[in-house]
Amino acid sequence: MAYDVVSVDGLRFLLPELVLVSGILALFIITNIGDAKIRLPLTRLRIPALLGGNRFKWNSDPRLPGVISVFTFIFAIVMLIQTLGGDTCNNLVEKFCTDTTILTTTGNSPVDLLKLDSFSRLFELMFFLALLLVSAASINRLQADSNPSNDDLDQLLDNRRQVDFHLLLLISGLGMTIVAMSMNLFVLFVGLELASLPIYVMVAFHKESKAGSEAGVKYFITGAISSAIGLYGMSLLYLWSGSLQLSVLEASWAAMSTPETLPLFGISLLLVGFGFKISAVPFHFVAPDAYAGASSPVAALLATASKTLGFIGLIRILMIVTLPAESGETAVWMLAFGILSIITMTWGNLAALGSENPKRMLAYSSVAHAGYMMAALVAVAAWKSGNFEDNGIMAAELIIGAVIFHLFVLISFKIGAFMVLSHLETENEVTDMSSLHGLAKREPIIATSMFVFMLALAGVPPLAGFMSKFLMVTGIVQAASADVLTNSNVDLIPTIIGMHWTFFLAIAIFINSAISLYYYLRIGVLMFFEEAKTRLPLPKVSVLRFVILLCALGTIFFGVNSDWLVESAIEASSTLF
Amino acid sequence: MAENKLNDGMYVIGGLFIAIAGLMFLSPISLMENDWVTLPLIGLPILGSLLLMGFSSAVPAWKKESISEIIKYASLGISLIVLIITSLMMTDILMNVHWATISFNQYVYEVEYNWIESIGAEWHVGIDGLSMPMVWLTALLVPITIITTWNEKKPWYYHPLLVLMGGCLIGVFVALDFFMFYVFWELTLVPMFFLILNWGGKERKYAAQKFFIYTFSASILMLLGIITLYLLQDPSAANSSFTGRTFDMHEMIKTAQEEVIRGNIWLGAGTQKLLFVLFMVGFLVKLPVVPFHTWLPDAHVQAPTGGSMLLAGVMLKMGGYGMFRIPISMFPHAVVEFQMILMIIGMISLFYGAWVCLGQTNLKRMVAYSSVSHMGIILLGIASLQPLGFAGAIFMMFAHGIISPMLFGVAGAFKHHYHTLEIGSMRGMAKHSPWLAGNMMFSWMASLGLPLLAGFVAEVAVLVALWFEFGWWVIIPGITLAITAAYYLWSMQRTIFEGGEQTQPPESLGDEEPKDIYLTEKIGLMSLAILIVIFGIFPFIFFEMMSGYSSELIESILWDEIRGRWG
Amino acid sequence: MIDPSWVAGLGVIIFSIGLWGAFTRKNAIIVLMCIELILNAVNLNFVAGAAHYGDESGWMYAAFAIAIAAAEVAIGLAIFLSLYSKHKTISLDEVQLLKN
Amino acid sequence: MASGVSVEFWVATIPFVPLITFPIILFLGQYFNGKGWWRDILKEGGAISLMSMGIVLILTSMVVAQFIGEMHNGQGRDILDWITFDVLRSDGFTNGVNLGFGIYIDHISLMLLFVASFLCFLINWFSIGYMNTDKINDNRNHRFYAEFLIFCSGMLGMVLADNFLWLFIFWEIMGLCSYLLIGFYYERPSAASAAKKAFLTTRVGDVFLMIGLIIMWNIYGSLDFDIIFGWNYFENPVDMTLLKTALILMFIGAVGKSAQFPLHVWLPDAMEGPTPVSALIHAATMVNAGLYLVARMFPIFMGTADSGLIGDLADVGIIIAMIGGITAFMAAGIAFVQNDIKKVLAYSTMSQLAYIFTGLGACLWFASKGKPELAYFALGASLFHLFNHAMAKGMLFMASGSVIHEMHHAHHHISHGEHDGFDAQDMTNMGGLASKLPITSTAMAAGSMSIIGIPLIGGFWSKEGIIAKTWKAAIYDGGYLLFIPAILLLISAGMTGFYMSRMWFMTFAGKPKTKVAEHVHEETPWIKFPLVTLTFMTLGGIVFASLHFISWVSEGHAFHYDLVYEMKHAFLAMDKDGIIDSTFLILTWATIGLSSLVGPIVAMSLYGGNLKDGQKAIPTVSWLVRLSGIVRNRWQFNNKSLAESGLAEALRRRLYFDDFYDWICLKIIVPIGLGAALFDKKGIDGVIKGIESGSQSTSTWVRKLTTGSARDYIMMVALGSLLLVGLIWGMA
């Protein structure tokens, strides 16, 4: 079903985004309500002007912006769920799904602009959840008082800083939803920028510290360059096909009989832009710096939502545009991505291995996880290059489903891990592992949760991280090995040699999992083994603790009872093919 | 005061019994499906221990001492309930199931629920002649371990962790679904990791990490095998699954068996071999065999007594169990092809392990290497491809499962009372601590394969089978038997004996009076000793079951391949 | 009318200059300018494409790209300011606290 | 006992009686140590154990009385299905193979059953007198009795077992008890090390035995005596080379257990155990297990010969005889220079067991060559020697225990309990004890005579038979290789005469060599009874012989065994047709001359002598003392040069066997172990550690690439774009 985007019918489907917009407005207005009065001209009536003057106590409360944004996100999620369901899909308990709706531009020859289907809705849900958790975790603590020497300034500013922060979060969220929905590469890019620009600011938000501003500058510069390169690639594609509509690009690509320079350059450069987002090697260098300089919730955002943005872009480009239509053909990017994925996961894990800063460690681990997911994308190309139609579709759906699943559950354990660090930051700046020492004796529940997050990151069953890795590898193996393994009566060595080379991606993932276990366990050892400097518990930050527990529960829940999410992720990925 | 505490404990145990009874009779699952495995054997220990640990963590540090007795009794109670249920099941099976007549790949207490439908993973449990001894062993060892290490530090976490460990291990042994199997397989690492990390020796940090990473790394190769095998299933078997496939071991073994009957090689020769290698790597590291064994000594030396007891008693058996359950039952062609390699690996483990034992100065290290050596016997039994060899290997798993906890229990008691593990650091322990010395001698004698103790049966069975298959290779295990005796006796001479008229306690004891073992340790160790004797004199209690299973296995899966090779 | 390929060719040159400048210059402002150069190369491409295909959306893309560039500059300068207030420099070589 | 069931029951009960009793003693002792009633009334468990052994003896006597003269063919009865399994062969499955415990009764087992329970009872009796009166054993005698009882049940079980596996199982249990009892004084390093040595040496033999059994199993598909002995070699041919190998391997086990060359080194050291242990385990019963095993092989040889496979297994007999001959000679030689009374007896044991082995070797040789009559005769002679030796040596050890006990007490009395390095077992400290210890000296004299083979006394008959049959095999039946053991046995007979006499005279004749020896008192009462009993048993060997003893083992072959014939046969080498074989006449008298005259007389002249003035010996031995005095006065040898020669030194060092084995252990085995441990740590674990440290340093290197400079990052982005472009373009 297609609707005009600005019609009532169309806007009905954009209710979650409208909620975000109204949240942004509300944040503007509510926090600015003051006791200023305007004298009605010619009368002595002084009616409250609401805006301006001295603000009230309730709306200068530093927690207010957080509360507003939390409720905005909750409301957005409610609206999102309300838009779900439909003719093809009526049981949300079974899986997350919706009918496909296309929103077009206004005019005589409407162009498809946004697509609302299970895929985009699921990603929206992911973004909202991630942002919800981050904003909830930021309610009680934001860097407002991180610089005690500026006390008077803070008094003056009241909750201005918080307002800024949450405003940026909401705007970023808006951008993310556009990325999830767009059917046009340029719209996608605009959404990406809309989401990224606030994040640049948020990384630099920690401006009182030297590290914060430094991280902001580095992240901004590198990010801007990367997205500029990506945009340049996009413009090359435009030059080639005359449109940036994904469907048009797909058709032109399929029509291309011999490889042409322009689209290949365009695609490559476009991948650079997304590669930066997902922090693939060699575009990842700034990621650890950014994570370390930013506050933990922002770092959490970088590791989940921001990475998800990049993957949406990659899936759109690689899975829709450039995947060969006929099976038996090899996608142009397969080898490049295969190499990059192996380098990425290995680099990330090796670097994380010796890292002494927990945030940098998590950043490198995030790089490694990007590598795993890239490997999964490569496997999709591998099935296309093979000759097995029936299983192939399923393999691809399974693989992309696994990536979606992984991105989803990352929200629980990656954010959870950063939230624990955030909790530690309420006490001291987290710059090295020593702040984790002896956490188990001080805060057994928090430490156990952290350990759960670490094991989930490492992929230990029955936690959520295992499930996603399991699905990915299943997909990879299926794509890579089906024609060799079935009914081969050859010997062991020829069987191994006969495997598609992507099979070794699965092995690489496993080897890397083993390496990664070392540093994930190390966190556990530090928490449960080393002696802390103090036995006192951490300061009570109830919302943050709640978020951590929620994440831990989610990590366990989606590991033990992953059926719903697996179904939903596969449903979402099936809309692509 | 002491009596008061005891009463508390009794209340807790009583309450638990009532709660369990309630759970069993009120839970719709149990009632409808007559499921004696899921909740009583797996759910109860895991959830119960998690609850206990949660409760303990909620209690402030200064109050923890006061709840320790309750927690201890509660843990003991849970483990005893599991033991009672398992024993009832075992008696039922021993009385009512004739293993010689029940055919291969049939299970009792079999229950199946959907779990992750989208990928076809199920909660599928069942018990057969292979798993029953292992389940019972696990259920048995947990209370014994708890009693033996009754006085461990921080009991409010320690004892529930042991119970948790037991639950996870039982999960491994009853799982009939690959997904479930793998989940529990890895889950066992977590409690053991904490046991080593928090209650271990000086190098426990290193040892815990090494243990976890080493075995995890190996088992992810097994996971690769599981995935590959899963993908090779018929994609229309399970309609509810997205992939159409299932993880059901029962189904896979059935398919394998059907293919064997048809005279085909299931999945093709190369694939079988590939899968066999992938699975075996996981199991061999767990077992462990040389050269993948180095995690074991470190883990054992550093682990607390209870941890070592469960580690050596049950966790190593997971490897052997897995071999029987998966590669041997599914890939007959590969098994026969790799027979020689398995035998050589087994020989190396056995022989080399024994020599290394001879060169050890640390008691626990020596015992750990003796485990490596004994695990080689299991592999040899498997490599023999004889019903007797299989039965011997399974019996070895069980026998070593009761002997090695005693070895480690004794070593732990020695460490506890003498503050050292150096062999030869003292003389004349028999004089200072006759009970400890007696138990130590008994366990060592059992380990060196003295007749009428449990280990002998297995050794004889495996050696006979080995001769049937490999002939003069049997000399190597023979020499190993002598070396085994040598290192144990040598250590005995330098620890328990000698010392002259005057006492020679170790230097590490300082001015302390050497003490004998506590009553709890005595109870724990003696009950193991009694079991060792019982199963040494009456091995047929389990041997019949095992031998029935082995014969069925070989007859229905391996026989064609073996015959083919003999021509 | 100039052939669009010439415009695009100019874009390539500008892109290269921008990219080269981005990692050879130390001053953050100049790097920002280089980014602007790249974005301008993008605009040239869009414009050339629009002209070539007679597709009005190309013009719109260019307009949006300019807007994005503007927003980027604004944010960039703000971030540089905060850098300057802490580090008293905007030389990229002199901010190397975070590494390894 | 009329019905089969009850027989089974009674016989099977025998090993279980001590098995049930031992934990009672052990645990009672552990808890009631030091209580008056425990020490005085129950004798620290000794009384309980004696009671138990009494029951065993009664049961055994009943069984023997039931079966004697009746049970020509052995018969096995299954009692317990131990393990059941299937066997896979190329022709398919054999289902339900069973390895069970059962009892097997024939004459060999009956004889050994009787020997074992009789000696166990007597030595238990003796132990109460010996162990409970020594302060050093206070509060730990219960351990002694408990281990003693396990041993008894092991021995009885081994004798009764109806298959080789259970024979082996009980065999090993005896080994364990031997280990525990040798190490009874565990606080003495020498005892601890002797215990270890005993266990390890026998273990080496056991390994071979076990492999041998496994091969037997492979050959026959079972280890049951019934099946193996009744095997039809026509219908089911077996691989004779393999069978031979199996038998030799089993024999190696017997060599270890019975302390034969070259696995003999443990037996002398085993004398570190308490004397009752030496008497029972290391002289009378356990060391006979090896002989029993070899004797059990006999039907196999007969069976193969009956099936026409004549001589196929003859080599085994030669090997056994050879080992026996070498050991007999070597042990006798070493016994020449031993001064420790128990060590002399130990070497004597070794030597006498070797005689039996030689006899059995000859017997098996005959059997294999298809000469059943001679084979049965040799078997009978060997088993008879086993019986005689067990009785005599058990008694000798008890008597030596009595001597040691009294010496020890006397020393204790004189030195007031101080330790001054005095060795109560050293014969150079004794002398002239005949006057102090009448019963002991008599018993010892009787025992020694039996061992030496003084005509008409127990051991004579059997030893004569063994030597004769060995020679017979060598001369008449083409077993030329058997000349070696035959000659060695003949020489050893003379040597036996010397060293046994030497022991007796050094101990009992002459003047007391130390003050301690002067202060020795009479024997304790508990010791006397067993000594007296056994003296009669020893001297009465001929009575047993005339009681159709040899026909016990002859399985229905009727021999003329009346006393007169026996005499003629023994002394005149006359066969049943009345023809005298001159070769054997010479041989017989050479043996008698060497053992009864040359040996003792040389010993008398060197070590004999009259008692101190005023001392009188009991009449039973006083003539011996006087005789020695006369001989010593008449012929005085100077053996100084011989005693200081290199040969004597080598004998004193036990022909360097112990040194050699120590060298192997310390210079080869232990270094290999240490090397393996080091390799494991540095090599195998080193790889793991290397991976770990390698990845750590790689990590450092990788992280160094993150320089912290934004320009580098941008450059990497640019390079990355180039790389991507290159790869994708290149790929397309």
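Observations, loosely collected:
In this document, chain identifiers A, B, C and D correspond to the written order of the chains, with residue numbering beginning at 1 in each.
Keep in mind that, in the parts below, contacts are C-beta pairs under 8 Å (C-beta built on N, C-alpha and C of every residue); 3 or more make two chains touch, one makes a residue touch a chain.
Source: prediction; values computed, not measured.
Under the touch definition stated at the top, chain B and chain C share these contacting partners: A, D. More C-beta pairs in contact connect the chains of B-D than those of the other pair, out of B-D and C-D. Remark: the per-chain Cα centre closest to the mean position of all protein Cα atoms belongs to B. For the pair chain B and chain D, the distance between C-alpha centroids works out to 40 Å. Once the centre of each chain is set as its mean CA position, chain C and chain D turn out to be 99 Å apart. Centre-to-centre separation of chain A and chain B, using mean CA positions: 43 Å. Averaged Cα coordinates give chain A a centre that lies 81 Å from the centre of chain D. The multi-chain contact residues of chain B, meaning those touching 2 or more other chains, do not exist; every residue touches at most one other chain. Touching two or more other chains at once are residues 19, 22, 31, 92, 95, 97-100 of chain C.
Touching two or more other chains at once are residues 217-218, 221, 225, 229, 288-289, 355, 518 of chain A.
Contacting chain pairs (ordered by label): A-B, A-C, A-D, B-D, C-D. Listing the residues of chain A that touch chain B in their complex gives 390-391, 394, 397-398, 441, 444-445, 448, 455, 460-462, 466-467, 470-471, 473-474, 477-478, 481-482, 485-492, 494-496, 506-507, 510-511, 513-514, 517-518, 521-522, 524-525, 528-529, 535, 561-563, 566-567, 570. By the touch rule above, chain D contacts chain A in their complex via residues 692, 695-696, 698-700, 702-703, 705-706, 708, 710, 712-714, 716-721, 723-725, 727-729, 731-732. Contact residues on chain B toward chain A in their complex (touch as defined above): 57, 61, 115-119, 182-183, 186-187, 189-190, 193-194, 197-198, 204-205, 208-209, 212-213, 216-217, 220-221, 223-224, 227-228, 230-232, 235, 242-243, 265, 267-271, 273-274, 277. Remark: chain A residues 217-218, 221-222, 225-226, 229, 259, 261, 264-265, 267-269, 271-272, 275-276, 281-283, 285-286, 288-289, 330, 332-336, 339-340, 347, 350-355, 515, 518 touch chain D in the complex.
Across the complex, chain C meets chain A through its residues 4, 8, 11, 15, 18-19, 22, 28, 31-32, 35, 38-39, 41-43, 45-46, 48-49, 52-53, 55, 57-58, 61, 64-65, 68, 71-72, 75-76, 78-80, 82-83, 85-87, 90, 92, 95, 97-100.
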